[in-house]
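What follows is a group of structures, each given as structure tokens.
Here chain A shows up in two complexes: once beside chain B, once beside chain C.
This part shows the complex of A and B:
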């Protein structure tokens, strides 16, 4: 018995957007990290999504209900663009010419991504809230 | 619930005029314990299934919330959604119960 239909798709979307927010937080936190575990500057990470068909557990209306597709994170990849190089001979990570490679994180881009991700999360929360309200209104028929 | 489940169909059917004696006797003859314990498809059994479904949902919501609080699951929304589903199924159950009790009381008030 599925009371809140479509909530599984929304839940998957919320999961994905939360992962995206985590990765953006990581990018912003490491905006000035010039040395990572591999010795190089931090590389910006990008989250990509893919749709995923939900396994239908509801056999009652399986024939005429369309298979809902939710979303999941397909992978977190590195942004390959080279980072900005600045002249700072006093920096511990400067090379022989006194140049330091900064991470390829652009704070303006990250802030825009942050706004998009948080708005997308909000939109999915509204879907969840709305489907609950619809069910509650339906129960009010009997009153 | 089993009392109402078994009492309702009998009281509805007993209102019909007994056109034929044989089926009427079948209805009014007590069948012993099998008459008290409703078998498949009876309302009491269906309602019991519904109650256990609601209970299962409550337990699921509790488990998810506990895992979020213990830090095993970072997804807060899963806990809230599970709680909403549990509360909604509980409301639906209460609504069904209200309707059944209302119908039973309506029959009881009926002047004979």
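This part shows the complex of A and C:
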């Protein structure tokens, strides 16, 4: 048992939420990027999470007893929905009909995601702070 | 002579509950960490721990210390919680944060009890109030 209880789960979650914030920042930054390294418009990226078992809590309770689980990023995938097409013949990335495909980034979605991610990050920070204070209390037993 | 303090009912109960509060904190940390994992079910101390402890206090006589020592907490999925979210996750972050604050107060209280027992022993040994 570690001294700071639950810190493994919390640190995994902090890392994952951090990655999510980075990806959201990337999406917002590229909201108008019409030409990426592959030549096409930027595609919105989505972070997905999965839980990872740290240790099962009780071997006596059989295999189906739940264990302590942290969270990790299971993958960053491209959002396949097509982007908006606008008519802008003067644009350097316009096709023969004068249409430009914009990235499929919706700023409203990204902002909502940003708020959710930072709230989750804060909640996990709170847990880390609490773990620390609990450990300090435990060390003061008998003083 | 140390054994009577370490084997007293209150000391044993406090250390047992202290174990449980540390375990509950781990469970809450897991729940908050997985607040956005699809399909994750909230975990908590299994309810048979409190039930087993309570059943020891049914009679008039206090329970035997050995009975208390045999009861151990373990984690289980919370069967009472409903999921209202489309991803099947049953964690509510506000509930978890409240549970964490409450658990912390419990933990402080229990460390205080354990501390007092040890201080009492120290006073008995040295004859001075520390």
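One rule holds for everything that comes next: the second predicted complex is superposed on the first by the 129 of 143 C-alpha atoms of A that agree within 3 Å, B and C clash if a C-alpha of one lies under 4 Å from a C-alpha of the other, contacts with A are read in each partner's own complex, and residues count from 1 in each chain.
In the analysis below, a residue touches a chain if its C-beta (ideal position, glycine included) is under 8 Å from a C-beta of that chain, and two chains touch if they have at least 3 such contacts.
Predicted model, so just to flag it, every value in this text is computed and none were measured.
*Asks:* Judging by the criteria at the top, classify the pair chain B and chain C on chain A as clash or fit.
*Replies:* fit
*Asks:* State whether A:33 touches chain B only (first), chain C only (second), both chains, or neither.
*Replies:* After superposing on A, A:33 lies clear of both chain B and chain C.
*Asks:* Touching A:3 in the superposition: chain B (first), chain C (second), both, neither?
*Replies:* A:3: touches chain B, not chain C.
*Asks:* Examine A:134 and indicate which partner it touches, taking first as chain B and second as chain C; both and neither are also allowed.
*Replies:* After superposing on A, A:134 lies in contact with chain C but is clear of chain B.
*Asks:* Under the stated touch criterion, which partner chain does A:70 make contact with: chain B (first), chain C (second), both, or neither?
*Replies:* It touches chain C, and chain B stays clear.
*Asks:* On the A-aligned overlay, A:142 touches which partner chain: chain B = first, chain C = second, or both, or neither?
*Replies:* both
*Asks:* Of the partners chain B and chain C, which touch A:125 in the superposed model: first, second, both, neither?
*Replies:* In the superposed model, A:125 contacts chain B only, not chain C.
*Asks:* How many degrees apart are chain B and chain C as seen from chain A, counting from C-alpha centres and rounding to the nearest 10?
*Replies:* Nearest-10 rounding gives 40 degrees.
*Asks:* Could you figure out whether chain B or chain C reaches more residues of chain A?
*Replies:* C
*Asks:* Identify the partner contact of A:15: answer first if only chain B is touched, second if only chain C is, both if each is, neither if none is.
*Replies:* first
*Asks:* Chain B and chain C, closest CA-CA distance after overlay, in Å?
*Replies:* Between chain B and chain C, the shortest C-alpha distance works out to 5 Å.
*Asks:* So which bits of chain A does chain B touch that chain C touches too?
*Replies:* The answer is residues 7, 10, 142 of chain A.
*Asks:* If we count contacts the way the header does, which residues on chain A are in touch with chain C in the complex?
*Replies:* Of all residues in chain A, those touching chain C are 5-7, 9-10, 12-13, 49-51, 54, 57-58, 60-61, 65-71, 116, 119-120, 123-124, 126-127, 130-131, 133-134, 137-138, 140-143.
*Asks:* Touching chain A in the complex: which residues of chain C?
*Replies:* Spelled out, the residues of chain C in touch with chain A are 22, 25-30, 32-38, 40-41, 43, 74-77, 93, 96-97, 100, 104, 107-108, 111, 114-115, 118-119, 122.
*Asks:* Can you name the residues of chain B that touch chain A in the complex?
*Replies:* These residues of chain B touch chain A: 53, 74-75, 77-78, 81, 84-85, 88-89, 91-92, 95, 98-99.
*Asks:* Name, in rising order, each residue of chain A that touches chain B in their complex.
*Replies:* 1, 3-4, 7, 10-11, 14-15, 18, 125, 128, 132, 135-136, 139, 142
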